[in-house]
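Before I ask anything, let me first share the structure, which is written out below as structure tokens.
Letters A, B and C mark the chains as written, and numbering starts fresh at 1 in each.
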Amino acid sequence: MTNVNQNEVVIESQSITVKIQNSTILSDLNFKVAKGEIYALLGGNGAGKSSTLKTFLGFNTPTSGRAIIDGRDVSQSLDMARSKTAYLPENATLYPHLTAKENVEYFLSLADINKSLEDIEAAFERVALQKDAWERQLQTYSKGMRQKTAISLAILREAPIFLLDEPTSGLDPVAIDEFNFLVKELASSGSTILMVTHDVYGACQVANRIGLLRAGELVGEFEAQDNHRIDTEQVHAAFAQRQSS
Amino acid sequence: MSAQLNTVMSSVWYVAKDEWRYWLRSKVAIFVLAIGLVLTLSSVIKTAFTMHGLSHDRNAMQNLSEETFMEQPDRHPHRMVHYGHYAFRTPSPLSILDPGIDAYTGNSIFLEGHRQNSAMFADQKQGTGLTKLGNLSPAFIVQVLAPLLIILIGYSTMSRERESQTLAFLVAQGTSIYTLIMGKILALFLVVCLITLPLALSGMLAIFQGESLFIVLGFLFGYVFYLLVWVLIVVFLSTLVSKNNESFTALVFVWILLCIAMPRVASTTASVSSPSAGKLETDFAVIAALRKLGDGHNANDPAFTKLKDSLLKQYDVETVEELPINFRGAVASASEAELSKVLNQFAEQRMDTELEQTQIARRFGWLSPNVAIRSLSMITAGSSIETHHRFLRETEALRLDFVQSLNKAHTEKLSYIDDINRNNGEEAWQRARVSAQNWKMIEGFSFSADSASTRFSRSVGAFAQLFTWATILVVLIRLAGRREI
Amino acid sequence: MMRQINREWRFMLRQRYVMVILLCSFLVSTFSVTTGLSEVNAQRQTIERLKQADIIDRTKAQAKYDDAGSLAYYSFHLVYSEPSNLAFAALGERDVYPWKHRIRMLALEGQIYESDAQNAELAQAGKIDFAFVISVLSPFFLILLFHDLIASERASGRHNLLVTTAKSVYALWGARAAVRFGAIFLCVLLPFYIGAAISDAALGAVLQITLWCFLYFAFWTALSIYLGRNANSAPRIASALIGLWALFAFVIPILGDLTIEQSIQAPKGSDILLTQREAVNDAWDLPVETTMEAFVAKHPEYKNDTNVEGGFEWKWYYAFQQVGDQVAAPISKEYRAAAHKKHDLAGYVSFFAPPMLIQRKMAEIAQTDAVAAFEYEQNIRDFHKSLRLFYYPWLFRHDEFDKSQLNLMPQFEQTLINSKN
């Protein structure tokens, strides 16, 4: 287990076990993510990645163990936990019949947050959403553009914690680069990021740490040494081995 | 060419079989189909028993009423004019499938002198009021609920292929989209055949009871065609949209519009746009007209002077007492004939208005196939308003007939002197009578619906409405099939 | 709170499919209210025309005859049941039960079942009044609006984002449901309120109808949201809801109807008529005393005035008319009791069939239900009785009939006033 500065831990999985109808989805899952860190949970189909996210979002209640966000148990103080987290769903699905601005306004209002138009435009600029698209309905957007809109919403909510579900799947290489840049920038400005993915290379490129998940169990953790990237070969070897075993 | 046709046919058949396999596996469709069959069967059986019972009862009451009349003792003939008797409307054989307006009009009329009574005691009036929205008649089940069942079974028939992208796969394989659509239509058509099977069995029963084969086939064809229109609607909307839930919502919406709202919009529009005055109101006009005719009970009414003069001249006598016939009877007879003319004139007017209203409502068949099948079904089954009008006309002829033959007995078999002295003591009272033999003239009344050809020619309009619906839908399906996969 | 509502309101305006449903519900409701108003208006005008024609006709008859017997024989009297101010919203049973008659002093059982019915084929199709829109159509609109409230968001993958973003569950689903509920409620009831204002309906009754509609709407909304809360397939939920609707609207009432019809044995209407006719006709051949004895049993005050001279006297004629009614009375009472019983039992059945329940409630509030028709029938009987009591002294006591007395003749309007007290 890697050491993390206890004072700065914002996401913590304390022996989470989730059982749904007698089948174990997550089993004694332990990991911590410190402030400003990018943590990637890596796993194949059915490894329990999405279930982990759902547990931190409060859609799953752990059978035992606790999901802690900012020092509090998610299942105890759900609204507080949700107000601190920004969730980015897999397909960045917002309302297709609304424009980017309308979508962001709608969701901000849902979160009961007041933002001026300038703030919203600033957020769009920060995520590099091209200006001519701001007033267009989302049904004309590419997936990358929808994702930028969703991230700008997360930024505007000023949530310190980001939960990202397969953020790079279906994106073209340019969009992946843009996305990685954005995530790193968010982390460096103090946000904490937990992402789940099945993309070994993508995870290695962006994460500070990687947890390897298999059949609901954490089977290994990898860490970047001295601000270098995680060794892709090493993770890939472990991933491939674990998958086949 | 024919080999090519064979291939198409076999692919269509294959698509249909595949659709059925999907339904058999999805369980929901089979459950819905089972409910549909149970509903249709139970309604067919229940209505057959009810209508058979009603038919039996009314025949029995008809006979009873006639027998009581004939068993009356010797009397003054005019007493029997007021004694009267009943005419009952026996339901037509196909009423076991569509009772139509049977429960909404009275089914018996009291026939008496000087009055045209209305049909009294509609069953609905003495009912629970619970069947306002629908009843357990095969007509209602097949007209209203069967389309809903077809929707529940078939809403995803094309949209499913599109949503799961098997459509692109099939078309890429070289299957024409029209082959697919035809197969789906065939599959749903088999459902239609299953649902209408109980109707066909009951129709055979109607043939046994004397209904013409031609009209029963027309009736059944109407229903199959109506449900085919719904199959086309389902396939069309399912082809038009891309998602199952959109197809479902759209179809349910169309159903409620065409089957639930439209028939009522039609009847409301008809009664608002062409209001009928009602019998009570036209009766004032009748009373006014009758006042001019004079009271047939009073032979001294000045209205009958002309009759008196012509009779005196005809028999070449000076006074009414010398006439070889009973003058009071002659007056009664003449005034009844005049009265009947006046009454019929107003009755015909009223029936015309009613028919006009009904025609307005039936025109909504261009907007809703449900309205079309409703009129088609009632007209061919002989349970429509026309049949009731026929009943009213026949009973009036019957009424006039029995009253006039009593008046004839009054004129020819009762002496004028005995007649005018009837209130002078018990003996005179007894003398002013004719023999009960004279009551035997009423013949057994038995009502039957219009002839098959009359009913068929009335239903042509409704058939045309259904054909138009089908044609337009086929064109629309062809257009919908052209959209991108 | 207002902020949440405001947001969802603006959001709803952008949803084409919701707007189509709202527009349709508004149009259907408007149609029902408009035609209801014109139907009620037509009924009022008919009554007005009948009233005038009735007076003219009776005046003519009164001018022609001088003796009480002939006057009673030739004078018809209009009786009617005026539609209430709320009748436009629930036309109720007025298309099945008659609401106007012209009666005279002859045996009433022979006259009261006359029904000046409207077109039977139109009655069979049913009318689209506001009560129908509420009870049958609005559940559909509510099902379409609410069954996929949550399922549609789940199907398009927005559910988790929405829930995690929202400040609270109520701020999201609560506000969204409240806005849709408010909108459909307004779209359906607004035409009704306008109609109620036009026809000057009592505020209390309007509020009562509002309350019932609210409860009924809430029932279907809650049912739709509850069944749809965990669903992934919206059509499946909608099928289930429509199945429930068919159960409530058709199956339970039809089964209830069959059970009630089986369990209640009632005499046939034609039997009443037959009995009464036989009694009246036979009386001509019976000794005068027999008829008079039966008559005096009900009217002992005339026991010394039953002597009939000559073959015919009006008092004998009217006595056997009344005796005809007396003979038929037991069957007639049984017949009416059966109708009441059926109505009451149908009330119990409707507790298991909400569409029937609300329809009955609305017809009850609008006074257009079977009970109102029964009351009207009772009014006719009361009026007929007052008419007989008016003429009997002149017929039996041989007092000289003074035609100025006709001004004191009972009025149906008076009977109506008395029955209300």
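Note that in this section contacts are C-beta pairs under 8 Å (C-beta built on N, C-alpha and C of every residue); 3 or more make two chains touch, one makes a residue touch a chain.
Computed from a predicted model, the values in this text were never measured in an experiment.
A.B. asks: By label order, what chains touch chain B and chain C together?
C.D. replies: Shared contacts of chain B and chain C: no chain.
A.B. asks: Which chain lies the greatest distance away from chain A when centres are computed from Cα atoms alone?
C.D. replies: B
A.B. asks: Calculate how many whole Å lie between the centre of chain B and the centre of chain C, each centre taken as the average of the chain's C-alpha atoms.
C.D. replies: The mean C-alpha positions of chain B and chain C differ by 25 Å.
A.B. asks: Would you kindly tell me how far, in whole Å, the mean C-alpha position of chain B lies from that of chain A?
C.D. replies: 70
A.B. asks: Quick one: report the Å distance separating chain A from chain C, using the average Cα coordinate of each chain.
C.D. replies: Taking the average C-alpha coordinate of chain A and of chain C, the gap between them is 64 Å.
A.B. asks: In their complex, what parts of chain C are in touch with chain B?
C.D. replies: Within the complex, chain C touches chain B at residues 17, 24, 28, 31-32, 35, 38-39, 42, 46, 49-50, 53, 57, 60, 93, 96-97, 100-102, 113-129, 132, 136-137, 140, 144, 148, 152, 155, 233-236, 238-239, 242, 246, 249-250, 253-254, 256-258, 260-261, 266, 268-270, 273, 277, 281, 284-285, 310-312, 335, 338-339, 342-343, 345-346, 349-350, 353, 355-356, 359-360, 369-370.
A.B. asks: Contact residues on chain B for chain C in the complex?
C.D. replies: 28, 32, 46, 61, 73, 75, 79, 82-84, 86, 100-101, 103-106, 108, 110, 117-118, 120-122, 124-136, 145, 148, 152, 155-156, 244-245, 248-249, 252-253, 256, 260-261, 263-272, 275-281, 283-284, 287, 291, 354, 357-358, 361, 374, 378, 384-385, 388, 422-425, 428-429
A.B. asks: What part of chain A is in contact with chain C in the complex they form?
C.D. replies: Residues of chain A touching chain C: 54, 57-59, 79, 82-83, 85, 87-91, 93-95, 97-98, 102, 106-107, 109-112, 150, 153, 157.
A.B. asks: Which of the residues in chain C end up touching chain A in this complex?
C.D. replies: Going through chain C, the ones touching chain A are 3-4, 7, 11, 14-16, 156-158, 160-168, 171-172.
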